[in-house]
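Provided herewith is a single structure, encoded as structure tokens, for subsequent inquiry.
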Amino acid sequence: MPETELHPETGSESVLRRIVTGNALVSVLSVLMALIVGGLLIALTDEEVAESAGYFFSRPGDMLGAAWSAASGAYIALFQGSVFNFEADTFSRMIYPLTQTLTVATPLICAGLGVALAFRAGLFNIGAQGQILIGATLAAWVGFSWHLPVGLHLLIVILAGALGGALWGGIAGLLKARTGAHEVIVTIMLNYIAIQLVLFLLTTPGFQRPGSTNPISPQLDSTAMFPPLFGSGFRLHWGFIMAIAATVFIWWLLNRSTVGFELRAVGANPAAARNAGINTTKGYVIVMLIAGALAGLAGVAQVSGTEKVLTSGVAASFGFDAITVALLGRSSPWGTFAAGLLFGAFRAGGVTMQTSTGTNIDIVLVVQSLIVLFIAAPPLVRSLFRIPPPGAFKTSGKRMSKKADAAQGAA
Amino acid sequence: GAAPEEDSASSGEASANGDFLACMVSDSGGFDDRSFNQSGYEGLKAAETDLGIEIKTAESQSETDFGPNLDSMVVQNGCNITVTVGFLLADATKEVAEANPDSHFAIIDDNSIEADNVKPIIYDTAQAAFLAGYVAAGTSETGKVATYGGINIPTVTIFMDGFADGVAYYNEENGTDVEVLGWNKADQTGSFIGNFTDTGAGKTTTENFINEGADIIMPVAGPVGTGTLDAVVEANAGGATNKVVWVDSDGYETAGTGKEYILTSVMKLMGEAVEEVITQDVEGNFDASPYIGTLENGGVTLAPYHDQEDAVPADVKSAVDEIKAKIISGEITVESAASPK
Amino acid sequence: MKLELKGITKRFGTLVANDHIDLVIEPGQVHSLLGENGAGKSTLMNVLYGLYEPTEGEILVNGKPVVFSGPGDAMAAGIGMVHQHFMLVPVFTVAENVALGNETTRAGGSLNLETTRARIRQISEQYGFDVDPDAVVEDLPVGVQQRVEIIKALIRDAEVLILDEPTAVLTPRETDELLAIMRQLCDDGKSVVFISHKLREVKAVSDVITVIRRGKVVGDAPPSASTTELASMMVGRSVSLNLQKEPAQPGAATFQVRDLVVLSDTGQAVVDHISFEIAKGEILAVAGVQGNGQTELTEAIMGLQEHVAGSITLDGEELVGKRVSQIIDAGVGFVPEDRNVDGLVGTFTVAENLVLNRYNKAPFAKGLSMRPATVAKNAAEKIDEFDIRTQSAEAAAGTLSGGNQQKVVMARELSRPLSLFIASQPTRGVDVGSIEFLHKRIVAERDGGTPVMIVSTELDEVLELADRIAVLYSGRVMGIVPGNTSRDVLGLMMAGMSAKDALSHQSENEGGAQ
Amino acid sequence: MSTATTLASKGQPADVKPIRSWKTPVILGVLAILGFIMFGLGSPASEVTFRLTDANAAIQLPDIVVSAPVLGWIATVVLLASAAYAFVLVSRYQHIPGWLIAVFAVFFIAAFLTWAVGSARSPSVALYGLLAGSFTLAFPLIFGSLSGVLCERSGVVNIAIEGQLLFGAFAAAVAGSLSGNAFVGLFAAAIAGVLVSLVLAVFSIKYIVNQVIVGVVLNVLVSGLTGFLFSTVLSADSAKWNSPPRLDKIAIPLLSDIPILGPILFDQSVIGYLMYIAVAAIYFGLFHTKWGLRTRAVGEHPKAADTVGINVNRMRFWNVLLAGAVAGVGGAFFTLVSVSSFNRDMTSGQGYIALAALILGRWNPIGALFAALLFGFASNLQSVLSLLGTPVPNQFLAMLPYVVTIFAVAGVVGKSRAPAASGIPYIKS
């Protein structure tokens, strides 16, 4: 197609237009909008703001000042807690927040990949929570009750975690393939069953510390733990490298491997996949096994890296956050990776925000979900900020080729 | 309203201890859990007003927040003493305490850390629950009493153990056969909601107990206990005389709706202990020996009967006072798998 | 009612689908629209029916300009439309479908389907439809579904009825019945806009024919114009409507189907004891109205059906019980009837679709890893060879036009050595030029010595390609007849008459006519 | 294929393998063997008492006393026989009749109850209480799944049920407390549900954001927002913000005196009666009114609806809003009927269970009602069993509702058919 003659525009112009109409700007504005709404909430419920609101008409500046300082203070703390702490004394403390972000992102990325992969194969895996738990349980058990040499032990622990998650995911896949049971129901139910199972195991002596009946497992052997990535001063561990490896692997699997081709085909058009000789029922089982294994790795990252013990809360809400992470990442491996980092930053930064400014931690959830909503609805942000739609300067022909380019880039 | 004077407001409460920072990290229940996080938090607030110190708090949304919250408190904010609420925080507390030997810590409901800068605050709750069990058995009109928990963990089951033993002791003394529903001490099995949030489940569970004939119920499930009060209020509206044994704080003071049906409360005075430990530290008297709340030192106790004063037979009341003395003297030992060792 | 379109222009982005079209539809007339794929016929009708907003131009009803903001307005103005793809809710009953959007309610607000049922029966009677108001639509044969669509329009008192390619799915007899209905409607003073690619029908039923090319009206033609004239008017060049092919040189019958039974999920025999064989170098066409077991037959051969009994052998090897992938590996090429659903993954690139059933074989894969370079190279070759019009090999297949999608599937299946080639509706929705090309490729495959099985509901296509014709009716073979059997005999067989009866019935009729 | 012949009408060649599904007999077989082990071999040697009426009920019914071993063995025999019969039927290519499943289910449940209660320390149970509790627990689920039915029938997937319930509960508590009037609270709950729906509708219908994303995110948003306000506002002064008045129970004279069912069905709060109305109205509305016909059409084949002049997206929009109101009222049940104050995350994931109930009930209001009741029964059974002191660890009992649900979807329901366009945005050209 003779695109060039349709667009005789100069380079700088086109760059400008791309920025103005591009997704990056929309994403930035989405974050901005969410922050504004969150800031309003923070300000509205701030004590000082409420106090000064009482005499708003005699000295309005007080209230506005208080509102501004409440909101901006909270966000500065959020940034300091998640990216870079410019007030710290030492360099390592300055970058400590970033390492915290990566630490929290690790399980989010792994579990997010599991949800994303299932999505690509047309399955809605709400079960990451349960898969993380079972993966963590098996990994922890191998970690504290088997005693193996360095290297081998960690390897077996990782395998055990993946196996546990795969088992839990595989049940849903198998039931879907064999009986047609809706995977949404089955995975929701398996989440509940998993937590009860873990609660039960933690009441048995085999999972408790000697001499204690508290529902906490013994610490994993040091041979079963991920070594710290930057020394013991940081919580960041090699699990993050595992998450990167998992992302690369899933990227390869989806885009470069025959298995991924099958899974994507099953997800995009099961009928055509069947016609092409792909066994779709086997596909469902395989995809849920792999998805479960990925969530299981998130469990491993928790018990072998961050928490070092098994408790019933070891999965936090990572399994549910993983759904949003995957969807926000548009179910692509690197998208999920990036979304995982963003959510990791929120969780890590939220801690500092709470402790140093006293802002309620729940506000992080609010801001986080607003950001997702705004990012997911570019037209809304565009219309709010009166940004022209991306195709406004282009013809549809150009648009199609851009899509093709993007597809090529992704492949 | 009128605007306050510019500078008088902030300088008002400045005091000698203004540079002492006491902090607290909750477990995942949050400080408004109407349960032990809240009790601890109230102690911290009391210390703030009484001692004029600075305080900071961090709520954990999940167990993965413990470490970061503690780190943020101690390393970033430089807390002089940090109180952590709940045994789940033990590992995180231990780790941070080891890394920061100059900071002080106190941990509620855990006695596993042995370090010079960590003070365990633990309770022999079973002692007070024993008394509650005795009162319940002595007051029950149906001969059945009940208890249930949030989750099957030692800090919960220690209440249930004590309660069951108190009932058993009553039966032994009086040759009666009062039954405990919802908890089997020997097997350590019983009724649990599975969480500390589902108030509705607390209510249906209580209704089930009432249907099975229990008339005194002790919920050990934090905010879920309000479900029990609601069930009792509804049942009593039809003329029944069911009663509730509250836990942790004096429910008559804190619970609101249905407080008139609270027979008594098994109090675990965490706020007082927290304030005391902070006071000691402010005064420079911090020590790492465990604080064990018992009937003897008043760390655990039975709340007044309030509106149910008349429901409890006089001989039961006097027996309770005797038993209390016997427990303090060691004549009666109350044992639970979860008792502090 | 007189309907006028004045200067209608419809643009999709830069594409001008309709370019200043003027059209007058007189009452009591059948007005046919002719034009090749993508000429803009459906678009024009969608504008007329209020589904699309015209970019320019106006619509006049009885001389007064009207603006349709949606189909509701068009219907209120007395326009009804039967779409190329049926607009029926499959899980609803006939009555529910007919009532939808035109409901009558009782006092309490509850739906009064009784009135609708009565009206359906009344219209059925008037026009000789045999439609049960309480049948669930998805269980009905397409021919009946189409009548439901017509009832939907009539019940709303449509004065102008638009029929967009209504005969594509009908038997010759059903087609005749439909044409009769159309005439009857005109006699009642209604008018019909009729779109069809089948020139013979257009000539038979029309009062006026308007030909559209590339969005513009090229002119009107009388029904008496010859098919060749009409075809060249449509395409803008002269086309050969007949395929030149050598007589078949059949070799050994390497493909044999014996006593094949296929059960549906509900246990009905949808393929009922079928036996036939195809020799190397021979084309067997399977004719029949859609829904008479063709789909199940081809799917059974491909291993896509679950409940299959009997025997299917290829080169002496039993295929029944084998997995789809094994059957593909045995050298069976398959073009499914519904390319969008079964043949292509719309979101995959053209290149990926071109290896959809060979993605895990050399040279496209090595072990578990695919080789994007060879996949791309293959795509470039096939796009060139089959003249696939696409932005690039990396464009999503779903963005291609229907004809080009079909070429992707054909290219994929015809680009490896085959021991059997099965194609269902190989040229459905493909324009005249491409049909020519695809037919040549199919014949070339035959001449290369491959047994070929063509399943088509288009008699024209069947007659053009077949060396022998098997007619399916209700899951059974009505007979296997030579490739030059007359259209009328085939029509009778497609309606359920055995080959023998059809032949004798036909000769009787001819005898009677003379 | 109206003309296709059925197999029975003609002789099959020997090698034809007609369709038979072993799924049902296998499941029945497994359950029967389980029954044999538990109810037969493992039968407690006790008499089991089922109490039918409350001590102060108007009409008293005598207790039912059964011998656990006797009933256990009778049931075992019946179960094994039914399973065997099912195998025989399937091997003869015959259909398994519904009554066989029903007989099996009745005996299984009766024997299970007897076994479970008999194994408890006190082998006596208040059957009326067991049922009443099931009903109470099912309430929010019913409202939640009705909300799901309304949305999905019109083509919008509603994952946000949890958020609607939670926000409804929150709004009812706050508005009820502030106004001192429970009905104001109820109204506010409906509005709150509508607000959540509004976001769902605007984002998924107008801005075509993936419906599942919006739903999941809304749940997080509501949880965060209510949690935030709970900590910052409600906890600070709970007398003012968080002590809503109750909706009292209204007993219908005579009807509420019917033994067992009377007090359960006819001694309800306003929300309880609203539930009956909602189920009936939505069922009637969906299947017997113009609105329902259009709603279903829009959820099945939006384009077809469009071509007959129905505004698809407007239809969806209003349905989603209505669904929000229904779920909001369900949320009010938590704070106006069930318990007397709002609590952080007090819906505890019931919105997700409601989603499951909706699918289990095959997108039908009545089906959803029964699925929710099944779930409520399983939940309350585990509660009753654990208080009676069964030897089974509490955590396994707690799994019961979830395991039952999985069995139900996998075994009985299988491939259920969602509205065809559910989850697919309708974009008009």
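First chain written, first letter: the chains are A, B, C and D, and each begins at residue 1.
By our rule, a contact is a pair of C-beta atoms (placed from the backbone, for glycine too) under 8 Å apart; a residue touches a chain by one contact, two chains touch by 3 or more.
Just so we're clear, the structure is a prediction, and the values are computed from it rather than from any experiment.
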Shared chain contacts [chain A and chain D, defined touch]: B, C
CA centroid of chain C to CA centroid of chain D, Å: 45
Computed distance of Cα centres, chain D from chain B, in Å: 36
Chain A-chain C separation of Cα centroids, rounded to whole Å: 47
Intercentroid distance (Cα basis), chain C paired with chain B, Å: 75
Contacts with two or more other chains, residues of chain B listed in rising order: 59, 152, 194
Residues of chain A touching at least two other chains: 196, 199, 203, 360, 362
Per-residue multi-chain contacts in chain D, two or more chains: 231, 393, 395, 398
Pairs of chains satisfying the touch condition: A-B, A-C, A-D, B-D, C-D
Parts of chain D lying in touch with chain B, wherever the complex brings them together: 54, 56, 121-122, 124-126, 128-130, 132-133, 136-137, 140, 230-231, 235, 238-239, 243, 249, 334, 338-341, 343-346, 348, 379-380, 383-384, 386-389, 391, 393-395, 398
Residue ranges of chain C touching chain A (in the complex, touch as defined): 12-15, 302, 304, 323-325, 327-329, 334, 336, 341-349, 352, 356-357, 359-360, 365, 368-370, 372, 391-392, 394-396, 399
Residue numbers on chain A that touch chain D, as the complex places them: 41, 45, 124, 126, 175, 178-182, 184-186, 188-190, 192-193, 196-197, 199-200, 203, 320, 323-324, 327-328, 360, 362-366, 368-370, 372-373, 376-377, 379-380
Residue numbers on chain D that touch chain C, as the complex places them: 1-7, 10, 12-13, 15-19, 284, 288-290, 292-294, 296-297, 300-301, 303-311, 420, 429
Chain C-facing residues of chain A, complex: 1, 252, 256-259, 261-262, 264-265, 268-269, 271-279, 395-397, 400-401, 403-405, 407-408, 411
